[in-house]
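Going in written order, the chains are labelled A, B and C, and every chain counts its residues from 1.
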Amino acid sequence: MDRDVILTMRGIEIQFPGVKALDGVDFTLRRGEVHALLGENGAGKSTLIKCLTGVNKMDAGKIELEGKEIRPTDPKNAMDMGISTVFQEINLCDNLSVAENIFIGRQPMKRGQIDWKEINRRSNELLERFHVHIDVTRPLSQFSTAIQQMVSIARAVDVDAKVLILDEPTSSLDSDEVKKLFDVMRDLKAQGIGIIFITHFLDQVFEMSDRMTVLRNGKLVGIYNANEITKLELVSSMIGKDLDQIFDLKRAAQKEDAAMMLEANHIGVPGKVEDISFGQKKGELLGFAGLLGSGRTETAEMIFGVTKMANGDLKIAGIPVKIGEPMDAINHKIAFCPEDRKRDGIIGDLTIRENIALALQARRGMMKPMSRKEQDELADKYIKLLAIATPDAEKKIKELSGGNQQKVILARWMATDPDLLILDEPTRGIDVGAKAEIQRLMLQMCEEGMSIIFISSELDEIIRCSNRIIVMRDGKKAGELNGENCTQADIMRIIAGEKVGETA
Amino acid sequence: MKSKESIFKNKLTWAVIAELLILAVAGILEPGFFSIEYNQTTGMLYGSLIDIINRSAEITIIAMGMTMVIALGGTDISVGALVAVAGAFALKFLRWDVTLYPTPGDYTVYPFILVIVVPLIICTLMGLFNGVLIGKFKLQPIIATLILMVAGRGIAQIATNGKQFTTGYTPYRFIGQGSLFALPFPIIITIVVCVCVMIFVRKTAFGTFVESVGVNPNASRVTGLKSDRIIMIVYTLTGFLSGIAGLIYSSRISSCDSNNAGVNYEMDAILAVVLGGTSMTGGKFSLTGTIVGSIIIRTITTLVYYFGITSESIMAFKAAIILVVIVIQSEPFGKWMATRNARKQKAGELRG
Amino acid sequence: MAKKKSNKLINFVTNPKYIMVLATIGIFLAIYLFGAILYGDKGFTKLRTFAMLFVDNAYIGISAVGMTMVLITGGIDLSVAAVASLTGMFIAYGTTVLNIHPVICMVFSILVGILLGLGMGALVTYLKIPPFVATLTGMFLARGVCSLISRDSISIDNELIDKMAGWKMYFMTLKNGEWVKIKPVAYINLNVVMFIVMILIGTYILQKTRFGRNVYAIGGNEQSARLMGLPVDKTKMMVYAFNGFCSALAGIAYSLYVKSGWNLALQGGELDVISAAVIGGVLLSGGVGYMVGTFFGVLLKAVIPCLITFNGTLSSWWGKIITGLLVLLFVALQQIVMHGNLFKKKKKTAPATKKE
């Protein structure tokens, strides 16, 4: 028995109605290691974590912590045993102070009363170790996501954690913040804490982790040492498909002589984005790169009327237009798949059919309802066209997987037959197979003459698909590149603020 | 197999079955329960069934609006106060100043059209007030409508100087006490209102829009729906419908009673909606279900009277019914039933 | 050193947590001052008037203590007035008709209150029924049972109750070396003592115990509270039970105040209690609120009818309208605080904290 091992999970099986979520999965974690847990959506990563934190009960298998068998009953119980989790969405209470968030549920007491001084003192100490210097008595809501994430980790670590689970901790951080987080992770590692690291970003996996465990369809695919595997091999083990099939995408041909579709002149909203100008031709795929919060989403929301444009003007097909509400944009044949699918996209309790018909219906107006037959035909058409995996159109959309939900949203907008389609992170949080399908669709629609604005954090997919790329930094347009002959390094240089000659 | 399942999953089916069961009990207890007689002199049909539908008119009308309010994920607790407001203003225009017209009689001070229209406009505006607070200013529905629930009765009292007057004006009394086509007039009003609302909701895309906004207002806006406008329309409509109910109620008693008119109507209307199968969490709704729900409430009330139990204690029975319904509707209960059924099915398969 | 202190003060005042409470206290003082200027000569500023604000509203205040806690968890309880009325009925019927010792009646009422609270809490906590619906059921039940006991008002005829209701603590002043009652006579009674004690207990629970902090955490984000390992279900059950206790206590106070029990007593009282809490700065979406705010909320709500009485010409119904307006004002203030600059987060944090 390896003395360095803190945690072993052996033969874990979990049965959900209709599916085997985990089927004989093994997992080991050593002291002071960062162990990446990888897999497509639905591979069983989160189920494994939920099993470890006692949220899901396992049907078979054994968990040992430092050689002793444990059976966590709930997150609190797991925490008491030394297994702490930082979830993807920050799970703190933003009405409470920073200090209280770290200590709630285990406040130091003095004479039967909560000792607030001690709480604030210890929180200060703890956060200083993470190089975070803030007023800990202020409500958490006043701080940025990065700080909240640090607070979350501080709480997790302070409970004398032996195992720290970080579930997608970087998905809402910018690169500086990610760096800070990685520093903290290295510190913790040095203290001998075992870290389970779940992320979609493969670069980060290779940067941080010592070993990787890959799951697919609830089964263990393999355990690799970080220095013994290439990115490509890792991806292929995650998706179990031929790599060629995924990467065989052809950029739509550049249409030099096409008419202008959209012209934006110095548009902006003070404090968010300022002075953005660009033009887009018919049938062109325009990529928007940049860090989170750099103004990509804000620009898209401005064009679509989700946020009101304060300065500048827009022209569509050469004609000046005013867009104050999403409805106006829809009337100008613009469509928008938002970044936050759950919040701004799906109408969970409505059926796939109703979700698909909704935008078209909204454009037609309330008084001209679509007949049931019309809706059925529309839904059937897109279910077939986009290969949405569902038994029928009457299933509630919330019961679909993330990738299929994304396709329904896409169908909703394709049904309005737009001239300009804005896709904000359409491939985030969906599995690699569905990702490739959505990229393929995008390119096909461009080929057919639709203009697409494509926003993504993943540089390789932006480069692969776009004709032209606009790079954003700090709410401003920082550069414009030609998609055909630019590299990730070019984009990163612009993001980092180095001067690059415009190649477009 | 599939169709059978969907019939029994349909909450409306359960509501109808419940109503039929209650009626059956009533029929057994009182053999004459189902008899309907035609009275030659008044030209009106009489009978317990007619009475039930007649008496449920106010709640049914309000519940039409409440159904959509609840589908939007909200509640409107001001409807009872609006019922009082409508009655108060109608009587105000019938009698104006009681010191000048001290005795009630078959007259009206202002034209009848004002007597009807002004209260309806006031209630509609109050509904709009709720709608603006909730739609534009994003207040929580319960607190936004709490404002008028508190202030509404005050306004009604001030309109009538805190006095309760009666009227003998025949056209006004006809609203709640007259009859048309042998049916009590409130039933006719209810039918007209229900048909109009249903056409408005289901023959346009309004119903779908309401459901969509109720489930996810953010996404609905991004999809091009004007969520705040839809919210405002629904609350305004509910205000208007409460006004109609208020006129019927005040006409029935030929007077206004700012303290007691419409007390607990909000509760009854919500109960009717929930009984009709619309979930309190918003989303899909059924207007037909609500009508059945409203009739169920009235049937039970009638039945309870039959046992000689006082009107105030009916609340205890209503409580028992809501309890059963909300427990059955609740998510954990549904899950529990589902797992139980799954287990049963599995056992059946094994045996088979 | 002095600078540090002033910094602390600025920090305290600008901390969004306290703004609502400060607003309540400010508005109360402003209205009181307004009354003092207008009706000071008629005795508005006399201690008696001030003491009567407490005496006449103590039962609302007692109930508001429990309501505050429920509202902080993000719930609501519409049954409080019905439960208080039921308590009044138990005491009136028990002591006067059945000749049971009043202490037994009171203990029984409190037990019933707690049980009803637990029942509604269970519906909310375990069956995930919206608190509004669950407590509506409780309200119907309590009113229904009340009417089943008696439909008539029963006046209480009991020595001990008379004694309790008659107990008064007078404000004294030193005159010529002797303690005498101040003129006009000002006093507080048992209800006022109960009200103040309950406010103190409530403050202690909310600020100094883990249970109290869990209440805030649940109101802030229930999902998070669960994942942080806090006993969410148990806490919610206890909050509703505590509120049931407060309702019953308010019922006892009310029956001492009016010395009778009636099935229709306190109709609409739940609105008084909720609006007192809202005016006191308790956030209806949960997570924010202080007992001291509720305390001033009760006073603020009480001072309005008092002013109308002093005016003498206004219809008492204006009280309702002004209360409605005050609720509107505070809800508007809440919206500004919540969505305005103070609580505003940078845009990118929004997705991380939204509720599903």
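By our rule, a contact is a pair of C-beta atoms (placed from the backbone, for glycine too) under 8 Å apart; a residue touches a chain by one contact, two chains touch by 3 or more.
None of the values given here were measured: they were computed from a predicted structure.
Annotation: A-C is the more contact-rich of the chain pairs A-B and A-C, by number of C-beta pairs in contact. Ranking every chain by how far its Cα centroid lies from the centroid of chain B, the top place goes to A.
Chain centres here are Cα means. That of chain B falls 31 Å from that of chain C. Taking each chain's centre as the average of its CA atoms, chain A and chain C sit 45 Å apart. In chain B, no position touches at least two other chains.
Multi-chain contact residues, meaning those touching two or more other chains, occur in chain A at positions 343. In the complex of the two chains, the chain C residues touching chain A come out as 11, 15-17, 207-210, 213-214, 216-217, 219-221, 223-231, 287-288, 343, 345-349, 351-354, 356.
Against chain C, in their complex, chain B makes its touches with residues 75, 133, 137-140, 142-144, 146-155, 157-158, 161-162, 263, 267, 270, 274, 280-281, 310, 312-320, 322-323, 326-327, 330-333. On the side of chain C, the complex with chain B involves touching residues 76, 123, 126-130, 132-134, 136-138, 140-141, 143-148, 151, 263-264, 267, 271, 274-275, 278, 284-285, 315-321, 323-325, 327-328, 331-332, 335, 339. Across the complex, chain A meets chain B through its residues 17, 304, 306, 325-327, 329-330, 336, 338, 343-350, 354, 358-359, 361-370, 412.
Looking at the complex, you find that chain A touches chain C at residues 74-77, 79-80, 85, 87, 89-96, 100, 104-105, 107, 109, 113-114, 135, 137-139, 141-145, 148, 155, 172, 272, 292-293, 298, 340, 342-343.
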